[in-house]
Each structure stands twice: as structure tokens, then as C-alpha cells.
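Labels for the chains are A, B, C and D, by order of writing; each one numbers its residues from 1.
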Amino acid sequence: MAGFDKVVNTYEEAMAGLEDGMTVIAGGFGICGIPENLINQIKKMGTKELTIISNNCGIDGFGLGVLLEDRQIKKMVSSYVGENKLFEEQLLSGQLEVELTPQGTLAEKMRAAGAGIPAFYTATGYGTDIGEGKDVREFNGRKYILEESIQGDFSIVKAWKADRYGNAIYRNTAMNFNPMAATAGKICVMEVEEIVEPGELDPMYVHTPGIYVDRLIQGTFEKRIEKRTVREG
Amino acid sequence: MAGFDKVVNTYEEAMAGLEDGMTVIAGGFGICGIPENLINQIKKMGTKELTIISNNCGIDGFGLGVLLEDRQIKKMVSSYVGENKLFEEQLLSGQLEVELTPQGTLAEKMRAAGAGIPAFYTATGYGTDIGEGKDVREFNGRKYILEESIQGDFSIVKAWKADRYGNAIYRNTAMNFNPMAATAGKICVMEVEEIVEPGELDPMYVHTPGIYVDRLIQGTFEKRIEKRTVREG
Amino acid sequence: MALSRDQMAIRVARELQDGYYVNLGIGIPTLVANHVPEGMEVMLQSENGLLGMGPFPTEDQIDPDLINAGKQLVTTAKGASIFSSAESFAMIRGGHVDLTVLGAFEVDVNGSIASWMIPGKLIKGMGGAMDLVAGADNIIVLMTHADKYGNSKLLPQCNLPLTGAGCITQVLTDLAYVEIRDGKFHLVERAPGVSVEEIVEKTAGEMVVPDHVPEIQF
Amino acid sequence: MALSRDQMAIRVARELQDGYYVNLGIGIPTLVANHVPEGMEVMLQSENGLLGMGPFPTEDQIDPDLINAGKQLVTTAKGASIFSSAESFAMIRGGHVDLTVLGAFEVDVNGSIASWMIPGKLIKGMGGAMDLVAGADNIIVLMTHADKYGNSKLLPQCNLPLTGAGCITQVLTDLAYVEIRDGKFHLVERAPGVSVEEIVEKTAGEMVVPDHVPEIQF
């Protein structure tokens, strides 16, 4: 690896340096656009006491859900954690801490971290439990709460294609939280379906500039479908 | 014009409703990617006492600079206003008010307006004249100032291509401030080099979703070059 | 008689306008998409990053990378655009969506809404609901007038943890179309054959009743 | 002898590392791009929305839609990406750029910098300079040691309006390479043939001088 080439060849290299107690920001919505293999690598490493920041916690046996099996997660920061029995068990038994965050606020907290904005005001959650203990301020006659950015030691993201420099594009709604997550980790690890040579992607349509990406690996993906809604052809 | 079709056929229609004293947010950097014809339409309309929010004020005789000729601008909010003699004259004679704003803060203020974020903290300008009178707060041992979002009655932007629904793409660095400006006007007027049919642009590579665009017009552009730096072939 | 789920969706669909960008919540709100009036176009926003949501795919159109906020497989409509979650909520929070329709457990006379959590039961999370109610100017809450035990869901004050405070102005239930202003419910329309008395009786919060309350026509 | 503009650029270029993303300010900093050490790759960020700036275009490559922050026509380098001003400054403010090189009127012992405004002369504006100095961890200021009247530009305290407070740690002048820490200047290297005495004399702020101050080698 020299210059701007971000490619690593093994998942061990991809996640090297992840330690117990670290914070990991993960892209994906439900189980769409999730970094499947990076998650499996964390499971394999057995890293414990992790704080995971991700909109969801996968499902039983797939996605971030697999990290619950060996109790690797200490705390989840998410907007929606339903559809996961193991999650429910660990939450109710007090083994798992959960910080619920509105979805838009969560996305903006990640973006803010990447963008050097330590905090921003939003109306979301004002007057609810989410606003409790947070700074309130009025602008133009409306009340807003102060939300702080959220940074990770690592961020793990999934893109469709990237060039060796880490310039990446996402496919359809598999984009979701990935672009913001990519900017919010001190070390951003990206896995993709295809790595191409620099120059192959049109600069105008790059979704994530390579400057955000530290390590890049090509993988194969199961892309499990959570709700198979199909209509007659 | 019905449903999502945002196309208008004349520049009169495009800028209808612009009144004296209004605030206009304009895309463009220098004279690159500026809404040339929308600016010329404002000149033609003779609207006065305008507050213009734009990174620059064009140059003498081109771009926003033409609005200085008949003293249509009361106040400019910009990061850089050099390269304009008429501007200098009106500023020194007190005919023109200028609020200088750091470039990144200006871009973020526009984005924030479009994104329902009334204010955000940034380190930019802390400890300088820009920070004076602004709320200061410390996060993780560093001091930041509070900057408020900036909304316009109108925003005028230039894109490369758009479909009739206003889904738009920008070309190269003519993108600059245009995507944020598009979100920050109560009425967003976009002019483009080419209007295509809905379905012709790949949804994955749309830069500005049509939801932000209220009126769309196809124009022809001079695209004047400010600094013609060329090397030997 | 109380409105059916489809009738509720039909009534709400009458609030649509040509060219509206609309976010429909999970459940009954989803049905509104089936009742867009003839000759009218609306575009559906899905908060996971899709504007211009099309119908479910046919078997040969299935794409695991293309889902809606309910995690269902979908397609794109003509003129769709796809973007990040941050951009999606910028759109929502910034008030660019013309109409949001969502369900609720409770609504109160101050326009507060509780829709995401019932303490003691599992906490699934608010998803995008808090952002949606904070960002939209035009929200219609779609819910049954009373819960399955007959308890009113239109209250003087919400009992459950709030999704948003003071943000709801319109509620359509299976019994009535209600507006909220000045700290009171205002009865606007009633389901066919349902008496004003029944509606008032099933409304725990203060309800203002005008002289004439038209029946919803189908 | 004082360093030439090109020698200053050469010295700064030695601070580059393979794979660095770099923002070069207008003026002398631009010259740094001409002296990237052999076998090393750096990518230039231009704050108007371009990462991977290439050289000026040839006549047949001219594209009015492709300029840099100095409004000059440019080209894209291999592996470039283009984005909005908000994204560009997210990148800058978020500390993702590895090195920023910019000019200045004055720098002081506390690391404050004045680079954008001389009261009484026309105010052109700060452009992206305030964001750049606030966002970068690694900044090198490149300027002459004294102004044309011989007044030191390395001061106990900046006189001109600040671009940023306490954000500068490295300054290369035509006379010396200076680090700033603990409220003092620290002399690190000197231009060939320039005496420590001359440098100290031309430095208005407190300067710590180690026993040995090597000459910059070319």
C-alpha cells in the first residue's frame, strides 16, 4: 500500500487495531447496505465491550445481530432496534445498554462529526424524553435542542464500487447511512463489491471522496432480504 | 405546469414574485456556475434594496456585478468580494453594506437553512472579529462559535441538466454553492443548460432532488472565464 | 359506521394535491398510496433515502439494494432520486415534504403526539418519527379513535412518552376528522352514520362541536 | 542569503508525505505543487469543490466549469472527485486534509495568524482561509520574515484582524523555519548563509534559539 492506494487484502488487516471498549460506527439501514464481512470479522476477533452506533442492530443471526451472540456489544446507539429477539433479551436483562436517537438526528450527528461541527440545534425531540437534559434555545419563535456530534474509533461501511483511492459510489438505497458513517470514524474501513482503477469513476458522481477512506477491501455479499414484498408480474 | 413539472418558459415567470427588499441566495463561485440569466432578469426587473447571499459578487459587468450598476443591492453576504471596482466604490461610499462570512461557514449556513437546522457550532472564526458577539461554547476542550442558518426568499441556482421534475446534476466545479443554495430559498429557481424527461437521469447520481426546485428554465450561458490559465500542449 | 382502514386512507387521500411530495408512515398510512385521485401525481418519500418510491417489485425486479423505510422491497418511480440518510432528513427536517401521514397511540389537545413507545413493553425505537413530526408543517395523524379496550386516544394530555410536542393539527380516526387548535379538538367531519354524541363521548380531550358536522362522503 | 520563492516551496515540499491530501493557498504556497519529491504522490484539494486538482489545461482542454479556488482554469488528476462547497468545507473543517499551506501578513507567538485584511485598504474578504486554519491540524505558514519596510511579521501579538487564534505551529519564512509552542517562537532551521543574529533581530516576538541551528540544504 503506497500513496493513495487504500486496498488491503484480508479482513484481518481491514479491522486491525480494533480493541475492546472502542466505538464503531456502522453504515446500513436494516440489513440493507451493511458491511457484512467487516461485522463478521469483528465477531471472529471477539472484540468486547463495543459501543456500536448504527441505525439498527441487524436481525437475529445476520448483520450486527451476530455481535450479540457472544455479547460483544456493551452499548448500542440506534433509532430502531426492533426485530431482534437476542437484542430484546440482553436489553431486558441489563446486559445491553441502548441509547435511542431519532433517525435524522443520528444521521446528522455522524455528518457533523465528519464535518468538524461539534453540535447543532434541531427541533427533533424537543419536548420529549430525547430532549431531557439537553440545552434548549429559541430561534425565530421555535424551540430547539442541542445535539452533539458522534465520532467513532472506527467506521465500517459498505459501498458498491470504489477505486483503489477509496473514491466510492453506493447503489440505490444501500447508500443510506454509509456516506456519513464513512466520515465519522477515526479509521474508516470500507468494503465494496468491486474495486476499480483510479480514473474509472467519473469525478462528478463520486458519492464518497477517497479522503475519508483509510482501508478498502473487496468482498462478496449475501445481501439478505428482510421483507420480501413482491407483486404479481 | 402540472404535477411535478417545474418548467417555466420565460425568465419573467422564473423570477415572478421577487420584490424590493427581498433576500436572494445565489449559487456560483466567482463567475463559475452562476445563474447568469436569472441575474440578468433581476437587473431587467430593477428590483431594489436586495440582500444578496452569495460567495462572491461577480465581476464588473458580469454575474452579480451587474446588479451593482443600478444600485439594486443593499447588502451582500459573501466570503470574498475582491475583483470588482464598482463594488469597492459603493462599499467605500457607504451605499453598500457587506457582511463577510467565512466560506465554509457560508456554505454550511445555507445547508443548515435547507436542512431545518437553525444553528450550529464551528471553530471557524473563533477568536476573530467574526466571532464577536456570537455565543461561544466549549466542546472537548476547544472553543466554538454559534452560527445561524441563512434563508432566502428566493434562491437562484445554475445546474447542468435537470429533468422536468427538477432533479438536477451539476457539471464539474460549477457545482460549488449551488446544491445548498437550492435548498435554502423559499422559492428555488433553477436554470440549466438542458432539460430532459423524467427517467433520463439515473436516480443514484442526482445531485439535487427535484423536491427542492420550484421553477426550472432552460437557458444559454456565456460561461465567461475569470482567469484564463493555460499551459502549452 | 366506523370507517374501514381503506376508507380512512381514501379520506386522507383527498388532502393530497397534484405535485405533492408525501411521506407515508408504516401501517394504515401506506394505504393512502392506493387511493391517489385520478389524474393527480404524488411522489412518495421514504426516509431511508428515496424520493419517488414505486410499487413492490415483480419477481424479476427484486433488488436487495432497493428498500423502503419499512424494509420492504420496492422499485423506483419515474423521476426518482436516491440520497443518503442525512440528505433525506435534511429534506424532512427542512420542511420540504408537503404532507406527512403517520399513525399514533395518542394525540392531545395541544397537538402533542405519542407514537413510538409503550413503557413496559419492548422499546423498539422511534426510527424517523420524531424527525418527521418535527419537520413537517402539514401532518395528518391516522389512527383509531379509541384503543381496543375502548379508551380514547384523543386526550387532554398524552400519557405515553411523546414523539413530538405541539406539532399535530389534523387527525383522522375511524370515527371523525378532527382539527387541533387553541388547545382544543375541533370536530370537522364524522364517519357516515356515526353520531356526534358517540364521537364526543369517545373523545377524552375537550372537543369543540360546530352546529353542523357533515358526514364523510364515499 | 534569503530563500527565493521557489526555495521556500522546495523546503515546504519536504514536509509532504506520500498519500497526503494537501490544500495550497494562493501565491507562494501554490509553488509547492511543483516540488513534490520524486516517487511521492500528493492530492491537491481546492476548496471550491475539487479533490485531485491537475495542472492548468492545454488550449484544447479548457473547461469554464472547471476552476480552482483561485478562479484559475485547471484540470482533474486521476482519481479526482468533485463535490459541493458544503462537502468541501466539511472535509476541511473536519480535519481530513493532511496539510494546509497558506500565506500570512502576521503570525504571533501564540500561534495566531492574520492573513486576510488590512484595515484602511479594501476589504476583499477571508474566503476559505478562516475555515482552513480552524480545520487543519497541520498547517504551514509560508511568508517573508519581514514586510517590505523591514517590519517583522513574527510578532508578540498580531496587530491586524485575525484569521484564526492559536492555530499555527509551523512557519517557513525566507530566513528561517520556525516552530511555535509554549507561547514562543522556536528557531529550527535557517536559510543558507543567514545568521541566527539576523533572524533574531528580525523577529519581534520572543524567539528561542537552540545551540545548533542547521542551515536548510538544497
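Everything that follows uses one rule, which is that a contact is a pair of C-beta atoms (placed from the backbone, for glycine too) under 8 Å apart; a residue touches a chain by one contact, two chains touch by 3 or more.
The model shown is predicted, which means the values in this text are computed figures rather than measured ones.
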item: Shortest chain-hopping distance from chain A out to chain B; value: 1
item: A-D or A-C, whichever has more C-beta pairs in contact; value: A-C
item: Distance between the centres, which are taken as Cα means, of chain C and chain B, whole angstrom; value: 35
item: Distance from the mean Cα position of chain D to that of chain B, given in whole angstrom; value: 29
item: Per-residue overlap in chain A, given as positions that touch at least 2 other chains; value: 108, 111, 115-117, 122-123, 171-172, 175, 203-204
item: Sites on chain D at which at least two other chains make contact; value: 50, 76, 82-83, 89-90, 92-93, 134-135
item: Chain pairs that touch, as defined at the top of this document; value: A-B, A-C, A-D, B-C, B-D
item: Contacting residues of chain D [partner chain A, same complex]; value: 18-19, 21, 40-41, 43, 45, 50-52, 76, 78-83, 87, 89-97, 134-135
item: Residues of chain B defined as touching chain D within the complex; value: 29-33, 55, 78-83, 88, 91-92, 98, 100, 102-108, 110-111, 122-130, 160, 171-180, 207, 223-233
item: Touching residues (chain side chain C, partner chain A) in the complex; value: 46-50, 55-60, 62-74, 76, 82-86, 88-90, 92-93, 112, 122-131, 134-135, 161-166
item: Touching residues on chain A, where the partner in the complex is chain B; value: 108, 112, 115-123, 137, 139-140, 142, 144, 148, 169-172, 175, 203-205
item: Residues of chain B defined as touching chain C within the complex; value: 2-4, 111, 113-117, 163-165, 167, 183, 198-199, 203-204, 206, 209-212
